[in-house]
């Protein structure tokens, strides 16, 4: 089979150029493509447009790419936990487009399912609706929202096989499956890269047809943003 | 918890009335709700509108409901394997609306995902497009296709738990997950009904929130339409 | 007058057996602690979890199992994980029975503002706009007035809107208030223990209908 | 002149390493038997299977594992199952590299008719309309003429259309023919062994461009 397996993140991201539009999976710091972000950092690719639900924190996730000024524009639903982000936004160095979380997810789904646009209710009557086409179905108003057009999707899965089949774990699934479907080139990093046949075909979340490159990540930090526990009694 | 578990198919289908619009999962005879169909047969519910990819065969699946003249209208993509069906269609006793298979699937998905309508390319320029709104995105024309509005969805899963979480098996998955999401009342029959906690939360195909009633089916025939084998050498 | 726990307790009384519920960040999260023992309620977390359990015991935290507030949580028997498209799909399709949210302002027609204060850093709406545009039943948990003492129940929102005509009920430290359909304004349903109708009237800038008899809340 | 196996063999030469391919019922199904040994091709069955394997050994049939023709099939290492929405989603999104279909008629602009003969029982389009409307590369496998000896490569389809301007290539018992873009008509690429250009010309009713040199197919 034409080989989808790359040895390192650097290899897998070899052709991402300045100005690329990149989707990054993850919700907060959960399920983010840690190795791909490190590779982008190392590469120094600039003027990136990043489609990602969040923008990481100051010293982790997409926050690292903000610090090095590699990001031109963020398309996100929530970008709160990041001082450097705030500084660049207020100074006008960084462009930000805020869109509702479900709209973000569904515009990714639309790309992966070949739907050019979808009608979504989120944001009707708000500033999110500015300049958008509306349409009434039944007694409800919807906005016409377009499928994303991203050059790359960088996703992170728990397990994957050499044909690109992916299984996510827990809530680290979040945006990863839709972005995997949506990227023109989808690069998946996995905690465990296995041989074809080791994953149950019934349990695969993202079929390999959507995944163009895959590599085994390493050194996963899997940082927890809000460690909340209850005492053992 | 408010109990979703019913003891028999008869119990679970207690309130389906004449004239109901019903979705039935399955592709050919694969993954069809055998027990629910038997219960409808026993109940004698009439004037049903059935949304189902196929119409069964003469003596199995939805074909059984055709024989007893319980079906007023079929909305399907392919209805070929059924003599009684053909007789009723030609005599005008049965109404049939043929729609492309992917359109059928996606209109179910739209219902389950709260999308009032979707733009789909299938059928553009064909008689399927008659009377439908079209719209061009990029260099491609799409038809506006509406979400289904079905009273009941009758689906069949491999395993299910008492909260309604479902796991399908192999290609018996087909339309079942989308229809499960799309029914105003979704009734799932399963080969194996288990306690909550016995299914891995990571492997569930249809979360229980979409399933209103569940029962353990019995006597599954799982008939094979085209038994094709190769000789052991 | 209620504290935030009292507000959460009162809202918990709105839950019914079999409900699927989405709880926002802040006071809404506390509602989970007061679910009546005799009913079963399933919590939906919009990042992709149905059947959210309590915080993990110390040492059991799993970075892959968090809630929409990015807190470590646990699963329960019967939980399921799914992706964000399905999560908001089930919200839009009306499968979630009740959504409890905080708010900065609620208008007498049910409009809500809870995502942006002009001039302050904008963090984004997250899933709030999706929830208020799609949930079939929304209860707002908030203080009746802001820090300056101004009413948060207004004739019209002054802050940027999150969603239109969507709030059905408001529970504050002072009262339980219904938002009447079709622009009918607020209706006082219950007073917090020891709070007078007059106090509530003064704290409510929007149109408020007060029935002859306004019972005091029963907080168990 | 080729038999149906020859047509399938010739189409198999169009496959490339790493391709995802959807094979229709009839001659297209036979293509699976002739995939070159040195490449890996993944077969998509639109009822929800990627990585379709051969028919099962007798006694190993599984009613839950069938293909779009409702035949019992098997999985291979690396197969995956999915629902019909995702299946047609990946087709629409252009993830399937090649679709091979039968046809009753193909027009010189690439229109295809393969689902309905007026006056005959209509069985339905199944997934054909989705495939022809969405697949990025469509090869038609069919006989050059119908049973009455009339050409099936026409100036315009006479039967009800399945899809517009979608066929890229046609392989028949006589020839390999390209459908030129922008209404350019048919172009003869290869002759079947022993078949003359004149024979193909006569059997083709639509506009046919014939280059000076038309090689004979190489069927291994």
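Couple of notes before you dig in:
Chains: A, B, C and D, in written order; residue numbering restarts at 1 for each.
Simple rule for what comes next: a residue touches a chain if its C-beta (ideal position, glycine included) is under 8 Å from a C-beta of that chain, and two chains touch if they have at least 3 such contacts.
Here the structure is a predicted model, which is why all the values come from computation and not from measurement.
Shared contact partners of chain B and chain D, listed by label: A. For chain D, the chain with the farthest CA centroid is C.
Centre-to-centre separation between chain A and chain C, using Cα means, comes to 29 Å. Chain A and chain D, compared by their mean Cα positions, are separated by 36 Å. For this pair, chain C with chain D, the centres built from the Cα atoms lie 56 Å apart.
Looking at chain A, one finds that residues 106, 113-115, 120-121, 168-170, 201-202 touch two or more other chains.
Listed for chain D are residues 49, 81-82, 85, 88-89, 91-92, 134, each touching two or more other chains. Judged by the touch criterion defined above, the protein chains form a pattern that is neither an open path, a ring nor a star, and not fully connected either. Every pair of chains meeting the contact definition is listed here: A-B, A-C, A-D, B-C, B-D.
Of all residues in chain D, those touching chain B in their complex are 45-49, 54-67, 69-73, 81-85, 87-89, 91-92, 111, 121-130, 133-134, 160-164. On the chain B side of its complex with chain A, the touching residues are 106, 113-121, 137-138, 140, 142, 167-170, 201-203.
Contacts from chain B toward chain D in the complex involve residues 27-31, 53, 76-80, 86, 89-90, 98, 100-106, 108-109, 120-128, 158, 168-178, 205, 222-232.
Within the complex formed with chain C, the residues of chain B that make contact are 1-2, 111-115, 161-163, 165, 181, 195-197, 201-202, 204, 207-210.
If you check the complex, the residues on chain D that touch chain A are 17-18, 20, 39-40, 42, 44, 49-51, 75-82, 85-86, 88-96, 134.
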